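Report on one structure; see the data block that follows.
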Amino acid sequence: MSVTPVILPKLGLTMDEGRLVAWLKKEGDHVDAGEVLFEVETDKATMEVESPVAGYVRRLLAAGGDDIPVTAVIALISTTADEPIADEPIGIATPDAAAAPTPEPERPQAAAAATVPSEASSDRVVASPAARKRAAELGVDLALVRAARGGRISIEDVEAAGVAGGAAAGAVGGAADAGAATAAPGGEPAAQRSAPARAPLSRMRRVIAERMTRSFRDVPQFSVSRDVDMTLAAATKAAAGVSYADVLIEAVARTLAEHPRLAMRYDPEGLVGADGIHVGIAVALEDGLLVPVLRDADSKDLAAISRERSALQDGARAGKLAADALTGAVFTISNLGQHGVDRFTAIVNPPEAAILAVGRVRDGVIARDGAAVIAPVVTLTLSVDHRVADGAHAAAFLADLVGRLEGRPA
Amino acid sequence: MPAPEAAEAGSAVATTELFYAEALREALRLEMQRDPRVLVMGEDIAEHGGAFQVTAGLLAEFGANRIRQTPISEIGIVGAGVGAALTGLRPVVELMYIDFSGLAIDQIVNQAAQNRFMFGGQARVPLVVRTQGGSGRGNAAQHSKSLEAWFTHVAGLKVVMPATPADAKGLLAAAIRDDDPVMFIEHKLLYRTKGPVPTGEHVVPLGKADVKRAGRDLTIVTWSREVLFALEAAETLAGDGIEAEVIDLRTLVPLDRDAILASVRRTRRLLVVHEAIRRGGYGGEIAAMVAEEAFDDLDAPPRRLAGVETPIPYAAHLERGVVPQVEDIVRVARELVG
Amino acid sequence: MTIDRADALELYRVMRTIRRFEQRSTTLFGENKIWGTIHSYAGEEAIAAGVCAHLRDDDWITSTHRGHGHCIAKRADLGRMFAELLGRETGYCRGRGGSMHIADTSKGNLGANGIVGGGIPIATGAALTAQQLGTDQVAVSFFGDGAANQGTFHESLNLAAIWKLPVVYVCENNQYAESLPAARAFAVDDIATRAIGYGMPGIHVDGRDVRLVHEAAGEAIARARAGGGPTLIVAEAYRHEGHYYGDPQQYRTKGEIEAWRATFDPLINARAWLTTDGLATDAELDAIDTAVDEEMEQAIAWAETGPIASPITPEEIYASA
């Protein structure tokens, strides 16, 4: 005796299941091999299915109207009418992946991974075109940017470097009070002597270190200084209810508009002009610097400049500035006056070509009409990238700036 | 004295000045003398000597069985070539114009290119389909196309396009000796160009590009007739201090990626020039490959200078205007170098 | 026509093997073990068997998408055929070709072909090789009524005729080109008359009787072998099953199919004349049936043990590096 399971056969290339329409035999009937046993509906047509063997239909395991997956056992036929047979359907060796393997698609031979940079020659920084463009906009030096993954600097890497205060106005010598240089961010007291303390660099400190090193090393810079009689500025300040910083920003912006050379930046293929008089204003933080940008300063009046400067400083200290408020400066003003510094020389902040270091406005003795008088005086020191401008350019700019502040042609 | 097996034109071997058509004939003659299984089939190839005179004189030397002129039956000719190649011959069939390849394309694409693979390695198809394309003779739209991109897109085919007489001879010999189906695409305006051709056995390996001119400022990758234009353009550019490196691909499939990449890594600029229309042209494959593999070495985007996307027009000035000319190559190279 | 007992029994055995192969592959397909689709040759066995009986291993054939019958008649190994359908490394084409591209070049089978009419010029080229090399090999091109309207048919027959190539063109008219009845595809009643247009003999045979096919094929093949050039044979047949497995066959009625199958079955036909002519008894033929069935099961069992097709390597695409 033997029992033959009857399956719902796959009747077409794309058939996964079929609907049993009707049995043409009942349980107990005899059927011949090749005799039609049931009808099944596919998505194309109703097809007749013949019995694979001769025998007696012992079990019908599905009913008309049932949706049945292909190769499911739906009937049992045995060679005799009455031998006992198991209640559970005897499965055929239903093909699983091993027998009728759904072929694993051949993996298309992808070109070499795009994330790993090709073996570029070693003297080039590996950065994507998008990253290069953004770095130029932000004034970020690619040599100082680390690629987060894959070995190629991405636009995200550049933006991260830019936002972290990639512009560090030179605070050489003055950095001490900008952020208590001896106190590490981690707060380890300098007094500890047992083992040399090592404080991990914050991202900002790392960027400042890298940028200033680069500037110091690669940008040939010189400085010119003038002392300025701030009598007129003091009067303007009082009348408008603004600060010295605002008066300075306004004067610098208007002077810079007439001396576009100092607003350019150096590129081996040619000096690149500024797209606007956007003045960076260095803001000291607890352990670092940010340089928010006052855009189109030459088109704003003193009151507007004052409002905006104030907002930018507040925003910088609160850490709430968006990336585009921190980018695009063509000239920076760094003011250590409120910290009591008389005069200092700032380091040019690449890719800008010039930076103005401002000391404190102090009572000084100046000569006026042959007599010694006491007047508010401030020392301005302009540092300039010699690849962009020479001493004469710098001197001319400074002369016009001083002239504007003092209310007379220099 | 005898040329070494893979001699290149320019090495210290004896050469003769031959027309491109004569160089092809030389290759056919030598290969047919060397191997009795080689035969040529095509239209007008017997007494007439071929539409471009490539087979002139071969009928007298080899007889009508081996220089087998056919009726105008492209799919019959190519299909018979497939059958013969499967069963022990090494046929060289000719399609007079590549524009006619559509008439035989099933036998090329579904049969010849695939038999080896489909049969699990039981067979090989050492068939060469010689054809020619290109514009510049006023033959207009149905007799002037450059269709190599169709065939580069078929797995199982090799595609060869010689630019010089020496390469024509050497590559045809290699193609005949190759056990795979080769689309051997000549250019109608190259047949009457002349150049030094090594005498005797001369085989140029398939899959190897040739730096026809070294340079440091940009890499021009090109093939077929545009190679001649690129070399002329390079001379003009040299006057401006721009040194262009001209790479003649010679074989499109298999592609000599290493040669292209080595060059671009030095020059940092790529210009692909081809007569075929830009869209879907083989230049796109090369530009994409270079962008993928040498992205960080590029100082400029990879550029293509190619045929305008129009059927080839009839009037001479129109015909000239739709494919890259020397001055176009000069102009684009200058833009690229900046 | 006389046919000796040994040949007759062999013809029967080949036909029965083809029929059983088609039945079993149909069942395997129903069990979801065969990928893609298959095209049953059931009903046409006499043509493959009758023609290939005259062919040596070094004679060539080209086949169609309905190629299992030709493959078997050309003495293929059943296990390797099943293994191919099951996508195994041990199949004839290492699982790369499947039913429609099954080939056995060691026996001169230049492949089933998924392109209607695709094999006709290839067989013509094989015949060219024989002529060129001066051997007495012969090529046979099998194709259907559908292919007789393809350009390849016309170009190939003309080439073979002008060059007097040793090729026999065998058109298996199973009355349907996919869903199109032959009566609507031809303006002539007898496809064999096309041979006149190409300058070769055209022979029309009833493909139901393997003796008739055997005789006509024998003459044509002998003529080709002797250098007498090509012949077109058109054999009438009937396709028992649909064009492909699962074909809903809306283009013909169940009644028609049943009527044809009742009167057009080469196996039933063969059994009748074998027994009537005293060449074999029913018991002997039943024994052949059983032996074939057993051989088939062994072949399937062997095929199912084969490893799945291995990954593709670049060397498979090109023969020369």
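Each chain carries a letter (A, B and C) given by its place in the written order, and its residues are counted from 1.
Heads up, the rule we're going with is that contacts are C-beta pairs under 8 Å (C-beta built on N, C-alpha and C of every residue); 3 or more make two chains touch, one makes a residue touch a chain.
Every value quoted in this text rests on a predicted model; they were computed, and no experiment measured them.
K.L.:
Of all the chains shown, whose C-alpha centre falls nearest the centre of every protein C-alpha atom combined?
P.N.:
Ranked by how close its C-alpha centre lies to the overall one, first comes B.
K.L.:
Can you tell me which chain lies farthest from chain B, using the average of the Cα atoms as each chain's centre?
P.N.:
Checked the centroid distances; the maximum from chain B is A.
K.L.:
Counting only C-beta pairs in contact, which pair of chains has the most of them?
P.N.:
The chain pair sharing the largest number of C-beta contacts is B-C.
K.L.:
Determine the centre-to-centre distance between chain A and chain B, using the mean Cα coordinates as centres, and give it in whole Å.
P.N.:
So the centre of chain A lies 47 Å away from the centre of chain B.
K.L.:
Could you put a whole-Å number on the gap between the CA centroids of chain A and chain C?
P.N.:
Chain A and chain C have C-alpha centres separated by 67 Å.
K.L.:
Provide the C-alpha centroid distance between chain B and chain C, rounded to the nearest whole angstrom.
P.N.:
The separation of the two C-alpha centroids amounts to 40 Å.
K.L.:
For chain B, give me the residues that contact two or more of the other chains.
P.N.:
Touching at least two other chains: none.
K.L.:
Can you list the chain A residues touching chain B in their complex?
P.N.:
Against chain B, chain A makes touches at 111-112, 114, 117-118, 120-121, 124, 126, 128, 152.
K.L.:
Can you check the complex and tell me which residues of chain C touch chain B?
P.N.:
For chain C paired with chain B, touching residues are 60, 62, 91-97, 101, 103-106, 110-111, 113-115, 118, 120-133, 139, 151-152, 155-156, 158-159, 162-163, 316-320.
K.L.:
Can you check the complex and tell me which residues of chain B touch chain C?
P.N.:
Listed in rising order, the residues are 37, 39, 65-66, 68, 70-71, 73-89, 91, 106-107, 110-111, 115-124, 126, 155-156, 158, 178-180, 206, 254.
K.L.:
Using the touch rule from the top, collect the residues of chain A that touch chain C in their complex.
P.N.:
7, 9-13, 15, 42, 44-45, 47, 52, 70-71, 92, 95, 99-101, 103, 106
K.L.:
Of all residues in chain B, which touch chain A in the complex?
P.N.:
Where chain B meets chain A, its residues are 265, 289, 292-297.
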